[in-house]
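By written order: A, B, C and D. Residues from 1 in each chain.
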Amino acid sequence: MVSASEYFGNVWKTLSTTWGGMKITGKYFLQKPIPVQYPDERLPIPDRYRGIHYLEQEKCINCLACARACPIDCIEMDAIRHGKELEWVTFTLDYQKCMFCELCVYPCPKDCIHMGTEYALVTYDRSELNYDLLSFKGMSRDARIRKKEAEEKKAAKDAAKATKAAKAAPAEEAPAEEEKGEEG
Amino acid sequence: MEFQAIVDRLRALNAPGIVEVDEPRAPDKETKDKGRSGRPFVMIEPASLVDILHLCRDDERLQMEVLIDITASDPAVDDANLWILVELLSVKHRHRLALKALLPKANPVLPSATAIYRAAQWHERECAEMYGVTFEGHPDPRNILLPDDWVGHPMRKDYEFPTEYHGISCE
Amino acid sequence: MTDLKQQHTPSIQPSSEEERILPSGEREFFFDVSTSDLEINMGPQHPATHGVMRVLLRTDGELVTGAQPHLGYLHRCAEKIGENVEWLQYLPYTDRYDYLSAMNNNLGYSLAVESLMPELEIPRRATLIRTICAELNRIASALIAYGTYGLDIGAFTPFFYAFREREWIQALFEKICGARLTYSFIRIGGVFNDAPPGWLKEVGMFCDVFEEKWREYYDLLVENHLFVMRTKDIGIISEEMAYDFGLTGPMLRGSGVDFDLRRDMPYMDYKEIWDAGVYQIPLGRGEKGTTGDCWDRFYVRVQEMMESIKIVRYCLEVIEAGPVIGDVPKVIKVPPGEGYVGIENPRGELGHYVHSDGGKIAVRCRVRAPSFVNLAVLEDLMPGTLLADSVAIIGSTDIVVGETDR
Amino acid sequence: MSFLALVQDTITKDNVMGTPHDGGNFVTELLAKIRPEWLPEWMFILTAVGIAVGFIVAMVSVIAMWSVWMERKVSGHIQCRYGPMYAGGWHGWAQTLADGVKLLLKEDMIPKGADRALFWLAPAIVLAGIFGALAAMPLSYDWYFARMDLGVFTILALGSTTTIGVVMAGWASNSKWSLYGAMREAAQVVAYEIPLGVSLLCPLMTLGTFSLLDASREQATLFGWDCGMGWAVFTNPFNMAAFVIFWIAALAETKRAPFDLPEAESELVAGFLTEYSGIRWSFFFMEEYAAMFLMSVVGAVFFFGGFETPLTALMRAADLEGGVLYNLVCFGTLVLKAFAGVFLMMWLRWTLPRVRIDQVMTMGYKYLTPLALLCVLLTAVWEYVRYLVVG
């Protein structure tokens, strides 16, 4: 049983607090909405935004510091050193794995990997999320020809060595072939 | 109360099964001891865990009303023991106590603390599925986070990851 | 609680046709209707389970007679990962168990690791920025709790108002660390970045605006009579029950227990802030119903927002220029040791037990998740309530499933 | 021919309930003017029926489409956001159209365990009820489908048949959540029919008629002065209280928040709608919005003057009564008042939390019903005193 005061108190409380709430919602109904209409207008992105990485490739020395710092090993990098020049084989970042923690940015000795302000990662295929961060291969044409010649020479030498080794001991054949495969 | 006072109190109450006190120590170069940092523990016998918990909860000067955590740790693959870690909190006296017990991996059986703290129920279920510790007298010894048919105890250091689960390849 | 099947007792025992002869000599037939309780699967995809949690409900009409939470749908092996990655590399993973209060998780983990590194000194500015971020994140988390609780009860609009302010907090975090949800900002030894210019001033502006808006939240939902009727005297957790289930945080304070790790076991600079008399600990006092009911817990969370604002304001006053990170190497090697540090997460005591053998990788990285512990109380709270109350009770525990399952 | 004769009687002599009146259904009246000589009688009747039915169907669709768009905009602006903004250009006016097309094109799914016949029938029954109720709604003083002396009873009776459809839908879905929704709906409607009817008795006593047209006409005069402001809520203070009760009961009848327990999305997933999808699902929504509109019409007619505003009084003074313009103004007035009611329903929905089922019952039986009865008593006293004083 409820007493009469409680009974009418309940009625009064319900109506008054409902009206109190309606005043607030009514106030906002008359105000201008806050959101921005996304594709047409966009909010400014702060400088420190952790979006898709970009690489200052000319500075990079292929030290693997970022790849080692990555908690999920999503950075893969490989380059061939020719004196002072680097020929890049690969520098990919797998955004299927990446969790945008920025841990790869801090250890870089040359301060060359950054997180950009680009954030849209829309693809039709998951494999496209394995981004290539390289903008150029890092060698002039002459250097590439010279390098190719040197490589061919070396490959020929290795092949000769390998055939010699194969003749000498057939058991060692397998590792020799593996070596060749790696260089190729 | 400070840690030392708690230990003294426990000793004064003749708490069963207290082995020693595991306190942090500075590194010593002569004995090539790397030292240990962190917090102090009271080492206890696993069999007397329930009695000590009972004591800790009911003694008016300790009054550990809240069981914060029961968990285990597997220090290394070749270590013969699991470490059982229990964390207690006294809301009234605002102090903590950590207990540690060494439990042989060969036969990890521990009495369940569910009767003393209901909070132990889920912690023990998790500990049981992850480390393979059997809690005797647990009212509901099912897996809690893992599926019911999971094989092995994943948090053990010697756990081998399965290559497939119900025909789904996990490689 | 044992298996639901074993407990199953139909409300009316089935029986065959029965013939009785009344004293007057008339014959009376009874056709007892055989009824049984209905078992309903609430979840894993249900709007009220706040993620992927499953509660097996046994109901007799609208009355819930039994409930059993089933976890593990979001289990991501956070603790096992901690044993496989370096100390600093585990930091992004800490963001992900309680994704609504990632700053506090970062903080808890960092403090736990720092407790093993006695030589490490944390600069004062770093500590203050940590405090500001942790408290702002506490507000953001409480805003979610406020909004989603309204949603559970059926009020849609408070959710959007709460998100409006939360967006601002997220924008603030975006400015200081670049992420909106998984910050990885508070790191071992300090914080990653110093606050950008003007950031602290904007935090002050936020505090001013928030105080106004908070009043509206209060009038719109907390004081609303329909809301009060829905939440009072529901899911009552007594003091003893709270102790027994190991509840911490707002769940414990909702039951009227005056305990807050920030004050009672101070970490960082909370002792100084408490001594300065900046904040109070809001407690559930049974203002609308019984102490420890859903309304009390909700009330504590809403009040805590204002206390956090006061702490932030104090930190903004005393903050000075200086370094923001201690002397930490790039690859952290933690001296051997074991430590446990519990901090006051928005949901309770977030404990990290870390065990190092002196190497680059942890031996054990245990997370004592408050949601996991707080959820256990459901089994006892649910029986005897109505179906709609069960939703209110789940909401009032304010769980984050990422944390219960880790 | 007996059925057609009945239909003919219904349309031409408009004596669905009560005594026949002068004048006829406005559709037949309009058609009679352009009826060619050679058209046989039965064809004429069928055409008239077809046009009337088409008109009501179109009305329900337009009301539902406009209300859905309005709901989205109102909720959006209350929640500090815009709501639909793109479809159609100006503030997303065509959003509901686009949604309707999408719903039409969706796969028609019936769960495996469902009772197919009932599952199929439920939306039809829900819609049939609301169509019937809408037919009793006058559009203006001279425009109406059927002039009924007991119009308000017809509307309430036909309007609550939708409950049967909802319960059917919940049962046929073979889902536990749906069943809960259906049971809640049944309990709720039974509880709130009483206060709804009883609270309506207050203005009925004040106005002295059950007919919507007469009720509206009654409210034209305030203290004998034809100013269009003699609304029931002004002439009798207890009618205001009765209106609050009526409104709360109407919210429960139309299962709008805070009484949206049958679908209670945070508790019952979507209640009786859980298993419905596509165009079938949208039928339930059409019903909901049409019912909201209808309840608002009843509220507007019996409490807030129906077609009457000072404007209509002015037009009467200018001797424009009976003309197309006058009827249009009357129609517009009613629609505006009704949509003001719909807006109030939306405003309440986006403000309040949901009520629990036992509180729904408590509120219905323990609060609204006695208070409504009290209102009836006080209104009766007031009216008697007024009769003694004014005469």
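Assume a residue touches a chain if its C-beta (ideal position, glycine included) is under 8 Å from a C-beta of that chain, and two chains touch if they have at least 3 such contacts.
Remember, predicted model here, so these are calculated numbers, not experimental data.
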Chains adjacent to subunit A and to subunit B under the stated definition are C
Does C-D or A-D have more contacting C-beta pairs?
-> C-D
Centre distance in Å when subunit C and subunit D are each reduced to the mean of their C-alpha atoms = 45
State, to the nearest whole Å, the distance from the C-alpha centre of subunit A to the C-alpha centre of subunit D.
-> 58
In whole angstrom, how far does the Cα centroid of subunit B sit from the Cα centroid of subunit C?
-> 24
How many angstrom lie between the CA centroids of subunit A and subunit C, rounded to a whole number?
-> 32
Residues of subunit D touching at least two other chains | 78-81, 350-352
Contacts with two or more other chains, residues of subunit C listed in rising order | 157, 161, 164, 220-221, 224, 226
Pairs of chains in contact here are A-C, A-D, B-C, C-D
Per the touch rule above, subunit C residues touching subunit D in the complex are 38, 40, 46-48, 61-62, 150-157, 160-161, 164, 220-221, 224, 226-227, 229-230, 386-389, 391
Under the touch definition given earlier, write down the residues of subunit C that touch subunit A in their complex.
-> 85-86, 88-93, 95-96, 157, 161, 164, 171, 174-179, 182, 184, 192-193, 196, 216, 219-221, 223-226, 330
Complex interface listing, subunit A residues touching subunit D = 7, 10-11, 15, 18, 21-22, 24-26, 28-31, 33-35, 37
Report the residues of subunit D in contact with subunit C in the complex, numbered from low to high.
-> 75, 78-81, 176-177, 180, 183, 257-258, 260-261, 264-269, 350-359
Show which residues of subunit D lie in contact with subunit A when the two form their complex.
-> 74, 76-82, 85, 244, 347-348, 350-352, 367, 371
